[in-house]
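Labels run A, B, C, D and E following the written order; every chain starts at residue 1.
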Amino acid sequence: MIPLAAIDWHSVFFFLFAALACGCAVAVVAAENVVRMALYLVLSLGATAGLFFLAGAEFVGAMQLMIYVGGTLVLLVFGVMLTAQAPFVSIKTAPGDRVLAGVIGAALLAVLLQSAFSVPEWRKPAAGRDGEPAATPLGMALLGTRVDEASAGAPGGVRSGYLLPFEIVSVHLLVVLVGAAYLARAKRRRTPRAIEVAASMEPPATVAAHAAVGREGSRGGSVLAGGAR
Amino acid sequence: MSHVADDPRIIEFDVRTDEMLVNMGPQHPSTHGVLRLVLRTDGEVVSEVEPHIGYLHRCAEKIGENLTARQWIPYTDRMDYLAAMNMNLGWALAVEKLMKYQVSEKARHLRVLIAELGRIASHLVGMGAYGLDLGTFSPFLYAFREREKILDLFEEACGARLTYSYITVGGLTADLPPGWLGRCEAFLDQFEPIIKEYHALLTTNAIFVKRTANIGVMSRDLAIEYGCSGPVLRGSGVDQDMRRDGEAIYTAMYDGYAFEVAVMKDGHYPRDHEYPPVPADAVLGDCWHRFFVRMLEVVQSMDLVRQSIDRYSACKGPLGEPLKLAEKIPAGDAYLETEAPKGQMGFYLVSDGSAIPWRVRARSSSFSNLAVAPELCRGCLIADVPAIVGSLDIVMGEIDR
Amino acid sequence: MDPASQLPMLLGLAWLAPLASFLAILFFGPRMGSHGRNAAWVATAAIVTSLVLSLAAFVTWLGVHPVQAAAHGGHAAAHASDHADAAAAEQDDAGAHADAAVHGGHAEVPAHYAGDWYTLYEGGRLRLSIGWYVDALTVLMFVVVTFIATCIHVYASGYMHDELHDVTDHEVHLAGGGHLHRPGRFPRFFQALSLFCFSMLGIVIAGNLAMVFIFWELVGICSWFLIGFYYERTSASTAANKAFIVNRVGDFGMLIGLMALWGALGTLQFADAQVAGPDGSVVTTPGLFSLVRPAAGGHALQVPDGMVTFAAADEVARIAADHAGNPADAASEVASRISDWRAIGLGHWLLVVAGLGIFCGCVGKSAQFPLFVWLPDAMEGPTPVSALVHSATMVAAGVYLVGRFFPVLTPEVLLVIAYAGAITLFIAATIALVANDIKRVLAYSTVSQLGYMMLALGVGGWVAGLFHLVTHAFFKSLLFLCSGSVIHACHTNDMRKMGGLARVMPYTAGTMLVGCLAIIGAGVPFVIGLSGYYSKDSILAQALCFSQANPRHAILFWAVAGGAFLTAFYMFRLWFMTFAGQPRDHHIADHAHESPNVMVTPLVTLAVLAVVAGWTLPGGFGIANLLEQARPAGTAEGFAAAGITIPAEHLSHGEPFHTIATWTAFGTALAGVLLAAAMYVWRSISPAAVAAVFRPLYAFLAGRWYFDELYDALFVKPVLGIASLASGVDRGIIDRIIDGVAWTARQLAGIDAWIDRTLVDGLVNATANATWNAGLELKKLQTGRLRQYVMFIVVGTVALYVLASMLLSSSLAG
Amino acid sequence: MQPSLSPLVASLLTEPVGVTHYLVVGAILFTAGVACMAVKRNALGVLMGIELVLNGANVNFVAFASPYLQAEGGKSLGLDGQAIALFVILLAAAEAAVALAITLNFYNNHATVDVDRADDLKG
Amino acid sequence: MAEFLINSVGFPEWLAWTVTAVVAAVLILNVIAGGALVFIWAERKIAARIQDRLGPTRTGGRFGWLQSLADGIKLIAKEDLMPEGADGMLFRLAPYVSFCASFCAFIALPFAFDFVGQRLNVGVFFVVAVLGLEVFGVILAGYASASKWSLFGAMREAAQVVSYEVPLGMCVVVPVMLAGSMDLVTIAEKQAGWVTNWYLFHDPFTFVIFWVYVTCAVASVNRAPFDLAEAESELVAGFHTEYSGLRWSYFFMAEYGSMFLVSALAAVLFMGGWNGPIPVARLVGLSEGTGDTANYFVRLLGMANLLGKATLGVLVMMWVRWTLPRLRIDQVMTTCLKYCTPIAAAMFAGAMLWQLMLPGGVAPGLSRPAGEIREGWLEGPGGRSAAARSSAVAGVLP
């Protein structure tokens, strides 16, 4: 019998989220359907965000929700789009592969767990240590000012923050953005289907009519497609 | 195959995608009844539209060959059930043409009065439902509010609100009840300022314009090639109106009436200073213009109603009785097209001299107007399909018959 | 109000306004209205701004230095009191400019303000800066240049309207037949025009020779742009290139002059400058003017110390060697010997070289003999360009620079200048006699008039030459604009097809007549005259004065007098052929029409100025007296050297000279006009008959003295010959040698290749084979299965971990 | 609470969690990710495995960053840990985009997303 | 509340916290569920009045006030259909995902000072992030329905919501920047005092960006004219075409919850949160120090204030819905990418510069000491330190 008063609620929530995260992660491995995999992945990532909140990294947690989970949303959409056709919804894996992967995974897990338990200081936290929320110091650090260490009077003076990595990541993201735009770009290309559709428009009644009327408005299809795909 | 120029609307993407076949209808909110459109789409872009019709086929023409001419009148009610008065009129005139029968002067003016009111009622539905197609609900109810008042008037005159059988071969079934004209004028006076609200809600609404202007552009030639008629034809700038250009027996009905056909001439609509200006994006023949022509015709019909009220009340004497139920029709055939709200409604009958026509045939405008839809929808977005089909203002009862 | 700071500010802004316009049109030109229509407004607004600012500066100047009648003889005294006031006014403003003190002490240094805005480069002795040197001449030139440029901008905005839409150039024949069709270049024209104005004003305001040179070249490139405006026409692009290249020849000389000055004197500044010394005190560094004409010597021309020591470099080196280890002694000894060296003429040749070099540049720019050939060809540019560039400003730059540089020029150089001017004036005038292209007549007339100015300067008529420069600017731009108006109406340049245009183009005819009268110096003797009357008379008088002082050079006066006759003849020949009589080509005459107001307005404005520019108002206000304020120190009294006497200019205003000059001018001009009238109006003398009689001479003149052919034979052909010779040497000898070397190298390489193939390659191949075989074995691991790779990685990681822990634990245990 | 609950569970619920707990979660996520990469033939599945691996690593970073999950005297990474986690998240998003691009090209060229078919370069 | 239970009632600590948490959860759930009921009824009445009708009149006696409940009962009683080809698990899960996302976002939404489920120092971020998760439910529903119309709706929703998160995020960043904190409570406190302290009137840029926010918020919760995902005239009913009964109603509750949430967020970020236009309570002398009861009363007043503002926002959305036609999907994208995003970016830059130049807004120091204005920058999350606490107390007063 556990006295209710003795329950550490932080631990309870931790186990709740941890179980959700781990369970969903395992479910990702187990699931066959790619859309379900994506769903489990989202749940796992979301639960991990909860763990971040518990660990006092609220900003990272919110970031995880916004970017990671949002990014996975795109994955999901692509998954739906590409694999909604029956042959790709589930591609079966040979049982042998599964067993092999299981063995190797178990070995890896064992190694990781061994190291996780290897440091006694990590097992138990000190009592009564309350973490300061880190959003503002983190934000300032990203701008190049380390308020946390300055206030703590860290030896060696104030360290510069993460301005440079922040900028690098910004540029990196920009490059990726450009790359994504390149991927989704629309280009005019003559393919058999284009010829067929163009031919089916002969006699070019509507085209000629549009030309005669004088203003052929843009159909805006590219915007749609650029966004929707 | 000879070289074909690139169609600028065909855009290929890196990502390989498959086409999709989608059924729009027959149970779909925006297909105006039991129309079924099969869309071939590439994402949101529609590459082909194929209308499937016949869900409402009732063998109306065949029934007409088993009934006397006057008995068939209620069946015409069910063709364009939104403008049944005009259907009655079309059939009655066709039969009268074969019989070379002339109704009394008073009946003639009453017919104009009723037919034009029917046109207003029909256009109100067309306008309201079009708003519904574009995703705005309120104009629909505003339109129906006014339509109800017209239906009240009709009910008073003939006892029915939808299928009137009021205008009939050889005249009308009854004269107007006392005080009707006053109530009609009161309605007109009350209705007139409300049209401005419709313009504010729809015609000049920026989103409405964005959704309709330059969408489904139908050139003059295309409209003529497909045999479009009515506001659909006039929306493409073709100056044709059966009330003015039709056969003598029909145009005689409008003798002495002043009206201007609602069509854009030299870049101007008649009396266009009274209406909102044509938006910059709109192109003659697009959805906006079709819609706008209907709005103009509402005003035009109100004008005609007022004129006919004056003339009708100036006519002394009896209205005249309609022909007998089983009046014999002289042998021969006759075809007559009238300007119904949706377009040119043609009736054809062949008689062998008996009271029952040997052959009855109807030519409905919605049928031709719908036929042009695949041409207009090619390359548009899915959301444009309701906008285009709605702007054609079809009614399935007329198409399937 | 402090003129020392206000004048540079006003003029500096006036100078920069066209630059702003240039940049604006450069970047936004095509977007200014349809086809850049508004570029004209931008450029015109800029130049009007300049004009307004220049006028403000002018007024400011007059406020400080009121113009008074030059009292001949009492000249210096008048200036003395004048400058004493100015100096007193400026004493409050300590250190405002270098000359305040100089003003007080020495009356003859003209009132001026100088300084630097911005130092471009400073290293060693070389100092390049953007500075100003403002005196009466500067202010006057600013007003003249901006005023004429304004007129021409306005005129051009009408004249160039063809460029507003696509242009079909009928003078360009394409290979496939038909004519060139190109988009209009309206903004581009005004862009170049603005840049040109900026450059020209830069020359005028420049405070040192380096800056002059910079803007000198800028002017050159602008003229290249503008002459080659219709660059699709072969003639235009050739003319542009010709102008540019011919100018480079002159500029080469100018560079030599600059080198001589800088190398010997170490400064290119005109005026003295006050700079902070190393110890914080204010040190006055002398400018060119005070070096050549030091105040200590009463502003007499002397070879500066720098040039003397430069020329006596051997002596100096010897002295330095004698006093090795004691530089101070050496310096004092050198200083003590300088006057001796100067007395034996050391360094004088450097001064002559400098003067001649600078003049070389002016010869190119001002189209003097022998480099005048480019100017007539430059008429290929649009007419407003001809008016602005080739009458009023660019060609004036040469004269201006000679005037500005006048104190540094020795009498020998001045004599060269005078002769160059005389030859130019005569040659150009004779060619103008027979030219039939209206613009070419004017072009040669310009060359001739520039010759006048040079001659005037060369014979010591500083004011006369510059006065003529100013008046000529007005009437020559007027004449060009009129001719442009005519061309605009007739669509041809050929005077033989014109005639009788006075009826259809009254304004143009009238204003052009004013221009012609002005250029021939018409006037009622001793009473009143057009602007040219005054300036030309003073040139004649000075030339006469010079001739009397130097009888050996009397030919100069006769050149001037003859030139005046020729001028009168060809100018009226032009006017009569164009406007008088009956139309020769009815097709053209019928289609001719008066130009639009936007073109006529500048004509009338300029005509008024062509009339009044030479007048001296009661009280003494006039351009001549204004220029007198800027007369360089030490040149008022005349000087002599090397057997040449440069007479004082005020002498020529005296009674005998002036009277003779006036009557000579009047007589020659009248004779010229009458002859022209006889030939082209009354037809009492048939031009054709005259031409037939003097056929060889006529052909010689019509062939423009065959200068182009001469240069072709003298320079172009030899250069081409040398080039082909060099190319022959290159191919026949040098290439052979190289081929031989190459053959030898190839043989050696063959031997090397054998070693390489057998020994080195064998080793390498053995290595490669080993690698290849290893790869063949290893590739079996490369399954292409992504998932297997993942497993490999994991297995490897785990293995590494286990290995590391074992090692670590064992080492820890140990 | 049922009496059959073992003391282990009781201690888990009453004891505060430390870094180790998080590390275990991270290890499980990491292993699941690796297994996912090893098992899935669908390219998108592999991609999800990568996301899981990164996420597992992130859990570790955040855990190390937290000062109050450690015993007295333990050294936390402080802000560094959070910042690294942040960058990992950002770069994972970018990585997802690039990987999707690769997948799409693969799909365009092979008409499948089966990574086992991507063995054009095998030895 | 927990302290109250511990100190006054004598609950043990764990029980007090549990009770508090449960109460908070139930309250929030009821805000959504009850709010949805009220709003659906309100929408019926408003739509009817706009359209010249009466709307529900009989259910519940007058005004049809029980209509929503009746609807709910009908929906519960309705047969729960699932298409044959549907992915059962996802089909069932989708409505709850949507609903949960909507619900979770409320956790961080303060209703008044300290009336907040869980005060987070990254509250804004959390709300926006969680709100974005709602789209998952829609996509899953669209995919799992095995209907082409649903798939169309889901794809549109995905494209639209992902795109509109960009300008929405930019709009939200502006108040964060002005307040120097991502804590919603702090942001609202900073706007305490007279109406001029509202960030809406802070400077011209915030005024403009507020309207951008409104546009993006309407789009991100899929309301007309941006209701492309359900677009009944084109896509039958979009992503919920195949849903019926209670599941369908979950979607609706999620939609109304989100509407309320973005409206409340707008109120907190731009319109002073629970602070009224006139600081009545402070003027009459009520403050934190005047005792628990008064304090509690003041907070209740503030909550009413916030609810009123949020309701106003919801009503505006309804008004818009019943007035305007629907945009086309490419036009929706154009609005986002070509108009909202650049405007938001420009306004963000402008507000930033304004903050540099005039940190006090249009009328600095009217009812706030000037020194207080920028303090949020370095002290960490607002309200933790004593100084901030005292200033926050003043801000509580509506």
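Following the convention adopted for this analysis, contacts are C-beta pairs under 8 Å (C-beta built on N, C-alpha and C of every residue); 3 or more make two chains touch, one makes a residue touch a chain.
What you are looking at is a predicted structure, and each value in this text was computed from that prediction instead of being measured.
**Q** Farthest chain from chain C, going by mean C-alpha coordinates, please.
**A** Using the mean of the C-alpha atoms as each chain's centre, the farthest one from chain C is B.
**Q** What are the two chains with the most C-beta pairs touching?
**A** After tallying contacts for each pair, the winner is A-D.
**Q** Suppose each chain is reduced to the average of its Cα coordinates; what separation in Å results between chain C and chain E?
**A** Chain centroid spacing, chain C to chain E, equals 74 Å.
**Q** On a C-alpha centroid basis, what's the spacing between chain A and chain E, in Å?
**A** The computed centroid separation for chain A versus chain E comes out at 25 Å.
**Q** In whole angstrom, what separates the CA-based centres of chain B and chain C?
**A** Centre separation, chain B to chain C: 82 Å.
**Q** What whole-number Å value describes the gap between the mean CA coordinates of chain B and chain D?
**A** Their C-alpha centroids are separated by 65 Å.
**Q** Where in chain D do residues touch two or more of the other chains?
**A** 34, 38-41, 104, 107
**Q** Identify all positions of chain E at which a residue touches two or more other chains, and write them in rising order.
**A** As it turns out, chain E has residues touching two or more other chains at 156, 328-331.
**Q** For chain A, write out the residues touching at least two other chains, lowest number first.
**A** Within chain A, residues 4, 7, 59, 63, 70, 74, 81, 97, 100-101, 104-105, 108, 115, 137, 183, 219-221, 224, 228 contact more than one other chain.
**Q** Residues of chain C touching chain D in their complex?
**A** So the residues of chain C in touch with chain D come to 778-787, 790-791, 794.
**Q** Residue numbers of chain E touching chain B in their complex, please.
**A** Spelled out, the residues of chain E in touch with chain B are 47, 50-53, 148-149, 152, 156, 224-225, 227-228, 231-236, 322-331.
**Q** Within their complex, state which residues of chain D touch chain C.
**A** Touching chain C from chain D are residues 34, 37-41, 46, 115-116, 118-123.
**Q** Using the touch rule from the top, collect the residues of chain D that touch chain A in their complex.
**A** Of all residues in chain D, those touching chain A are 1, 3, 5, 9-10, 12-36, 38-42, 44-45, 47-49, 51-52, 55, 58-59, 62-63, 65-74, 78-79, 82-83, 85-87, 89-94, 96-98, 100-101, 103-104, 107, 112-114.
**Q** Chain D touches which residues of chain A in the complex?
**A** 1-2, 4, 6-8, 10-12, 14-15, 18, 21-22, 25-26, 28-29, 34, 37-38, 41, 44-45, 48, 51-52, 55-57, 59-60, 63-64, 67-68, 70-72, 74-75, 78-79, 82-83, 87-88, 90-93, 97-98, 100-102, 104-106, 108-109, 112-113, 115-117, 119-127, 129-131, 134, 137-138, 141-142, 146, 148-149, 162, 165, 169, 172-173, 175-177, 179-180, 183
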